[in-house]
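Chain nomenclature is as follows: A, B, C and D, assigned in order of appearance, with residue numbering initiated at 1 for each chain independently.
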């Protein structure tokens, strides 16, 4: 019972450090974890570069092992101080924390390198932007569904139309309606890579009509999100 | 007369299922038809892929025959329960329903495959977005006409200008003012595929001036539609 | 004196037909001239196509001669009914009307074909959009000057930067700061043709920074014009 | 003491010319310096062109020497009339003025040509736009930080995703996550040069999802700047 008290006291001591950003110690802890996430992200990004030397790879490997150790400690400490550990395990951030370390143990650091990018999501915990996006999203959920569906409809009809016009002229480029969808996405978002584009007069005229009608439709969901985000700022 | 009563009772029973979304049976009917439309759309999209096997084609063919049978039943049931059948036949949705099945019977499922994409429009009946677009469009009809014409004017003048500058330097690319129009559409919507672009100093300077003036003009109609759509949300 | 009276009466009779859109005769006259302008524009556009036959060219040639005859009559009738003929000659629309016909007489329909595109501007006389653009432009004149200059500054600094980064790596593409300006215009308007783009890490990082800062700046003038145009609608 | 008086009087005479735009002499001085800056910018731009003759280079060289002389005089006069010279030297405009002339003396006009582009920044002193950008920036500083970070997060996650999808199919194009970042910047700003784009079905589907979510996020910072700039106009 005496020992239990010590543990209980320790937990009461550590909890505010980990869960709150109000105390100096809490801010230091947050900064440390955020720096680790950044190191992890930069290290992963560099590791994907093809022309790295063997020595450099060894350095990256040690960084990775240290980071996994730190993130594992962080995970168990969070689990320990949490009042309802099971709720934490299945919460969004609990799962992100778990997936950040699990692939390393499963493969002994082998082939699941890419999953390390998920660690980036750990930073969301510290991001005030996240809450705004959540509020903005809830506010315009119904709108987004309606206009998102309208955008999908416009994209699909544009895809079928361009396929009908261009498939006979460019059977290797517009092989199926799927290629049409790719063209419609690149065109209506105005990205326009230039890998697929109409060459027939019919296809070009159709593109003109699609842009005249479609730009206004496809632009609505992202305009809604942008304006909702700036409205949310007053409530934040 | 007794038999006529049964028919009348049956019609009174079926009508709310088909025409209303308030009753559970009506909602089920709507979900079934919507699923069929989706199956039809996906099936058509897959059918356009070039590398399908003969067996796979047979499956798609059976799906198509079943769907045409279902949509034909749906069409006649709608016609039968409708109080003014002729009005339904020549209404927008009546025509869409008819064109969704007619090509199959005319060609015994032959060469008019592409017309099956029109079935996508059947989904509009269930889309709340449709009504908003209609209201938004009515609200800004006069505006759209004025600024749509202004956009056409800017596009045409840009097309003539770039043709004059670039035709001597790239006679194979800017063959006529029509190529200029295609360039103007791709440029002023900022899609910029990169299949046609100016190479002379005069043409590049002209492009700069056209973008400086034209972006503001061509952006107006789609900005009007987007802002009108978000205004309409309050009235919906 | 008696004859002078007839002329005066005739002028009084014709003037409202030509200058007003309120009377039925005035509306008919306007529609005729607008149709002629459209025929002229379409005829010019078709004439630029390279693969026209000799017979087709003869038809276009007759149309052109007829149109010049009609526009010449229109010009002299306008001059005649006008109370202050000299003011009309040097007014914007008077000059447009003159340039629409003059090249034909100077070269007997020869090499100044391209100037026929100017006839398109005759349609502005009938366009309600024109007045709105004029009002919108006056309203934001000072703003446009300030932010237009800011955009030019951003474009120039981006051009110098990309030239410094990319010239050593791509001396044939980024030959001088002028090529950098062309790149900056295509990039900051998000057209992105893909004829010039950075390939060095420095140039790509610089592009990222330029886009982060520049998109907000370059978008301002056209956003100002678009929002001013929709404000003006209430006053029109 | 008498001589000191003359100097003091001269300074009192020259100061309003240099520091104020209210007096006619002040306006003339400003116009002269602005013209010199413009000449310098145009001269630098032309100098980067590869096909210049030796004679032409000599002319540009003389212009450069004259301009450095004038800007040096301007710098020392500003230093002399300034009440707190040290504050001027380390102010933004003081440093810009110094960097505009220093490279010439350090290298006797040699290899630091590119630094001459910095002279463009001298024009900011005369730009009313500058103040607005400063005010707009202060107003939305916190917003910009939050949404700028969110944009960076979206760009990085998009980069990792496209690298995972496209690296096996295009190892020469998507060599590392850095190429993915370049692709994400070009795509989410809708520039779309077309030098890098996905070719696998997975990569294209991922692009569609990234655009659906990301356009709304990445557009926010520049939309914030644009709307803040038009708000600031009322306070200016």
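Remarks
In this text, a contact is a pair of C-beta atoms (placed from the backbone, for glycine too) under 8 Å apart; a residue touches a chain by one contact, two chains touch by 3 or more.
This one's a predicted model, so the numbers in the text were calculated from it and none came from an experiment.
Between chain B and chain C, two chains of identical sequence, the interface residue sets overlap only in part, with shared numbers making up under half of the total. Repeating the C-D interface, with the same residue numbers in over half of the contact pairs, is the pair A-D out of A-C, B-D or A-D. The chain with its C-alpha centre at the largest distance from the centre of chain B is D.
Interface comparison, A-C versus A-B: the higher number of contacting C-beta pairs is recorded for A-B. Our note on geometry: chain A versus chain C, Cα centroid distance of 45 Å, whole angstroms.
For the pair chain A and chain B, the distance between mean C-alpha positions equals 32 Å.
For chain C, residues that reach two or more other chains under the stated contact definition are 178, 190-194, 223-224.
The touching residues of chain D, counted against chain B in their complex, run 190, 192-194.
Contact residues of chain C toward chain B in the complex are 41, 44-45, 48-50, 114, 117, 120, 123-124, 127-129, 132-133, 148, 178, 181-182, 185-186, 189-195, 221-226, 229-230, 233.
On the chain C side of its complex with chain D, the touching residues are 143, 146-147, 149-150, 153, 156-157, 160-161, 163-164, 167, 171, 175-178, 187, 190-194, 197, 201, 204, 207-208, 211-212, 215-217, 219-220, 223-224, 227.
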